[in-house]
Structure formats: structure tokens, C-alpha cells
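Presented below are the structures under discussion, each in the form of C-alpha cells.
Each of the two complexes below includes chain A, the first together with chain B, the second together with chain C.
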Partner chain A sequence: MDNSYLMNPFIRIAGYKSLLIGFAGLLLISFISYITGTHFNGLLFVGFAKDSKFVYYLLEHIIGWISIFIFLYLSGIILSKTQFRLIDVLGTSLLARLPLIIAPLIRLLPYFQSFVFQSWEMYFIYGVYLLSVIWTIVLLFNAFKISCNLKNERLIISFAVSMILSEITTQLILNSITFKF
Partner chain B sequence: MKSSILLLGLSLLLSLNSFSQGYKKLSDSEVDKNKVKIAQDFATNYLTQAKKGESYKIQDEAIDIIKNYFTEQNQKLVYHQLKVQFGDFQSLEYAETWIQRNNDTMQIIRLKGEFEKSYKKLEIKVVIDNFNKIAGFWIIPWSDMLK
Partner chain C sequence: MNKNLPLICPSCESLLKVKQLHCERCETEVTGLYSLPIMSQLAMDDQKFILDFVKASGSLKVMAQNMKLSYPTVRNRLDDIINGINKLERNGQ
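Coming up: the complex of A and B.
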């Protein structure tokens, strides 16, 4: 497994295959997030609290995924000059979220289950999370580039705008349901 | 060069570690069950009475500052704010106990409370002194990080 495969697996995996692997990954990440109490409020905010039912952790990941998928797909429709498949954007944008499993996995270790604010455990887990988010963003970028056949400025600007809009949408939705039925 | 980076990383980790030296989480065998019961009873009694629209009469289970602050009016005000945001109190359970390393006379007992309208559990934090009296009481969103 070389670097290019870790950063761009979409050359070999796309369509239904990426959707199936991605969906299995989403369920696994949600489950480990639930047992370790790791919240994903969009990509920018990670929280540590064993305070909710499984469905809430699952919703955080589903909303984050669907939100970025919608904006990437719309960008593709507006800007791409070639035909592309919805299933490719849907599957690859889900598969790209797999690195997010790293922080919840680390929180399975006893040191990281409950700790003090501003402790080394907190800084370590935030550091690991930051690296996993960078990896996820690189994967999302490559997924978008390959799925929608975009290049140069169109690719970079539409990806950045999609990421920002998706982050805002995810935050708004999650904040609106956090303390309500 | 590599060893310098390693040394720098180790120093950074050790300096960060010093931040967390102030508190220690007690293992199950170290936890004083009596203190936990005092904390649970206090929180349950207050929240249950407040849910019924009544006030809880604090006897000798709390220090004077708490007794003086927790007037009938303040009890109702605190519960009203909770109810508006999170709904009525449902139940609570014990979560964990922490102590300050340089002052083990105070124990921080963390309870998790369920409220009617909230997906998320809240933290009910009760501080108990070495005379087994309530010395602090907070209700805030739960976090696995002790703040």
C-alpha cells in the first residue's frame, strides 16, 4: 500500500464499492464514537462526552456526510463540463471520512476515556484529530476531483466553497437538534 | 537532529503533563460510597422537589454558603432555567469521582442527569468536603474532560 493509495484510493475504488465500504466504515466509526463518547460536530469541532444514545453519534456522521455530498454534487453539476455519476460522489465522499476513526480508536485506551481539561491527553487527542481531519480533507479533495472531472481554479474554489457551506450547514443542523427531540 | 526533535517532543509532552497534575480520578475501590450517596441524595431531592414546584429544605448536609445561596427563590430560578432549555428532570446516575492532588479534603462527585427534552445527558457536579458536607453544586453539559 503506497502513499498514493492512502491519499487517493479513488483511482481503484469508486461507485457502489466505495459506498459499501464507506457505509460499513460509517457504522463502525459511529459505534466506536458512541462507546468512547467522541462527538463530531462537523469536521472542525470534536467533543468528548459519553452523554448520548447511539443514534445521535450516527446522526452526526450521516449529517456530515450528506451535507458535504450535496455541496460537492451541486458544484459538479454547475461546473463540470463532462458527465459524472451521482453514486461516485456519494460513495467516495463517504469513503473519504474513514480517517476520522483514528481519534475514537485512541479514546478506547483507558488514559483517554476521561481526563482533565488542558492535560497532555487533551492536547494529544486534539493533535491526532487534526491530522485525521487533514487526511480526510485531502481524500475529499481527491474524491471530488476524480468523481466530477474538475481541474485548476474551478476545482480548488468550488471545493473550498463546498467545504465551508457544508461545515456551516452541519453545525446549524446539529445545533438545532442537540437539545431537542 | 532526530534526537533533538525527540527530546523537544518529550519535553513538550512532560510540560503539558504538568497541566493535568492538579486532579486525580479515583478508581472504584478508592471511591467513598458514603460521599457518593450524599451527593446523589442531595441532587435527587432538590431536582425532584423542584420538578413538583416545591423547594428543597436544606438541613445540615451543606455548608453555610450553599445553604444561604440555595434559597427557595434561587432553587426555583435555577430549575426554571433548566426546564426551559432541557426539560423536566428524569433521573440521575453516578459517573466518577475526582480529587485535587494537593487538597484531598474535597471530592468532586460527577453525576449524569437525564432531562426530558435533551438528547444529551447533563453533568450534575457535587463537591463534598471532609466533613461530608456539600460545598459546591453545578449543573452543566456533560464532558469527559473535567473542567
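Coming up: the complex of A and C.
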């Protein structure tokens, strides 16, 4: 399971390759989010509204990515005993966000393009989103583990702290720029 | 058939030492008590990794290409081997 492409592609893909694939994915997710009006306010909150320019959907993903990258990279600098590369943390943390495309993709289907509040369609999308977030977190964990070569409690605690700080930072930044779009 | 050099005692799990060496040509036998070199104490996979690493002129990038693995995966493997060597050196002192 750990070595599979689905849960840990970073055994084979890292560095510039992961950055390029991840960036193509980021553009695609942002575009489909824009078409379907799917907002990502950090990893924990998803919203549905066609109320912004494309650049805002793009910024939601870029801020979420850069924010987690900064905290994971700092954790690595403080805790890792190996000389890891910035490009590996940058690229793998971006590639790890690819599962977030699933919920916007499903919203491309006519049945899910608009739905009533608290309808089964809404709960289905939330369920799919929750699964994609869990998948993303597993990928981020493996990306961090391989890029910075951390193990045991150092890995688990620093990852959890980085995730929480990144989520708070992303929310704060997005809330402060929402009115501009 | 390639036979693996046994490193650990099957009875008490201590590190084995060399007691006897033999010349196949003249049948000379040397008896003593010799510690295995650190390289020989490593697992076969680790020994192969080190040989491949030297053949790749010490380039992790080339190693990663040859092994079809990512750079940090190969670097982490090297880190694990270095930690293993340090542990063996500490135990040997």
C-alpha cells in the first residue's frame, strides 16, 4: 500500500518532475473549480458559488500549496538531520494536492451542477470531498516523509503542527483578500 | 550458486567472526579470530547499493535514474546505510 502510486508516488517522482506535473494539475483544478464554482478555503472548507474571477480560484490553490510548503520546509530545516532539497518539498507538496480535483470534476456532471441546500447531492459532494481531502493528507504526509527523511514522532508531530498552522494561515490570507475579487 | 555470507549467529544472534581461512590452490589454512570488515557486516542489499553508488561516481542523481526511483528516496536509503555504518562502528569500539 505504502509503495503504490496512489498512496506514495514520491518513491519514484520528486523534484522538478513533481513540480511540473503538480503545477499542470493546479491549473486544471483551478480551471474546473472556476467553471463549476467550487471554492477551496484551505483544506477543511469547500464552498459552492460562481461568484469570483478565475484568478481567485487560482489563488485559493496557490495560497494553500505555498502555505503548507513553507511550514513543512521549516519543520524539515529544524528537525531533519539530512540535507534535503527545497525543490523536493515544493514539488511533492504540490503533486499531493491532485486528489482535490475529484469534487470539482464530479460537479461537471449535469446532475451536480446545481443542487438544493441539504439535498443528497450536496451531501454526496461533501462525502467525495472529505475522501479526497483524506487522500491529499496521506499524500502530503508521504511527500514530507520522503522529502525531509523524518521518522517516528518527529515526523508525526511536525506534520500535524505544519498542517494546523498552514490551515490557519490559508484561512487568514483568503479571508483578507476575498473582498478584492 | 551465490552463497550469502552469514553474519549473525543462528543460536544467540551475536555478530559472527572469521575463525578460519582457506587457500583453494595450495590448501593452506589460516586459523585465528578476525572481525569482519564493516562493509561485510552490512546486508547484501546495502553492499550492492554502495558498489553501485561508487560505480555511479558517487552521484545520487545517476543512482536515482538507474534505480528508477526519486532522488530523495535514494538519498534516504544512503542516509539509512550511513546510520547503519555509524552504529556498527560504535558497537565495534
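Note that in this section the second predicted complex is superposed on the first by the 177 of 181 C-alpha atoms of A that agree within 3 Å, B and C clash if a C-alpha of one lies under 4 Å from a C-alpha of the other, contacts with A are read in each partner's own complex, and residues count from 1 in each chain.
Convention: contacts are C-beta pairs under 8 Å (C-beta built on N, C-alpha and C of every residue); 3 or more make two chains touch, one makes a residue touch a chain.
Just so it is clear, the structure is predicted and the values come from calculations on it, not from any experiment.
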Partner chain(s) touched by A:K50 [first = chain B, second = chain C, both, neither]: first
Once the shared chain is lined up, is A:G37 touching chain B (first), chain C (second), both, or neither of them? first
Between chain B (first) and chain C (second), which does A:S119 come into contact with in this model arrangement: first, second, both, or neither? first
Classify the contacts of A:R12 with the two partner chains as first (chain B alone), second (chain C alone), both, or neither. second
In the superposed model, does chain B or chain C contact more residues of chain A? B
Quick check: in the complex, which residue numbers of chain B touch chain A? 13, 16-17, 19-20, 22-23, 25, 85-86, 96, 112, 117-122, 141-147
Which of the residues in chain A end up touching chain C in this complex? 10-15, 18, 81-82, 84-85, 88, 146-147, 149
Applying the document's contact rule, which stretches of chain C touch chain A when the two form their complex? 68-73, 75-76, 79
Touching residues (chain side chain A, partner chain B) in the complex: 37, 47-53, 56, 113-124, 177-181
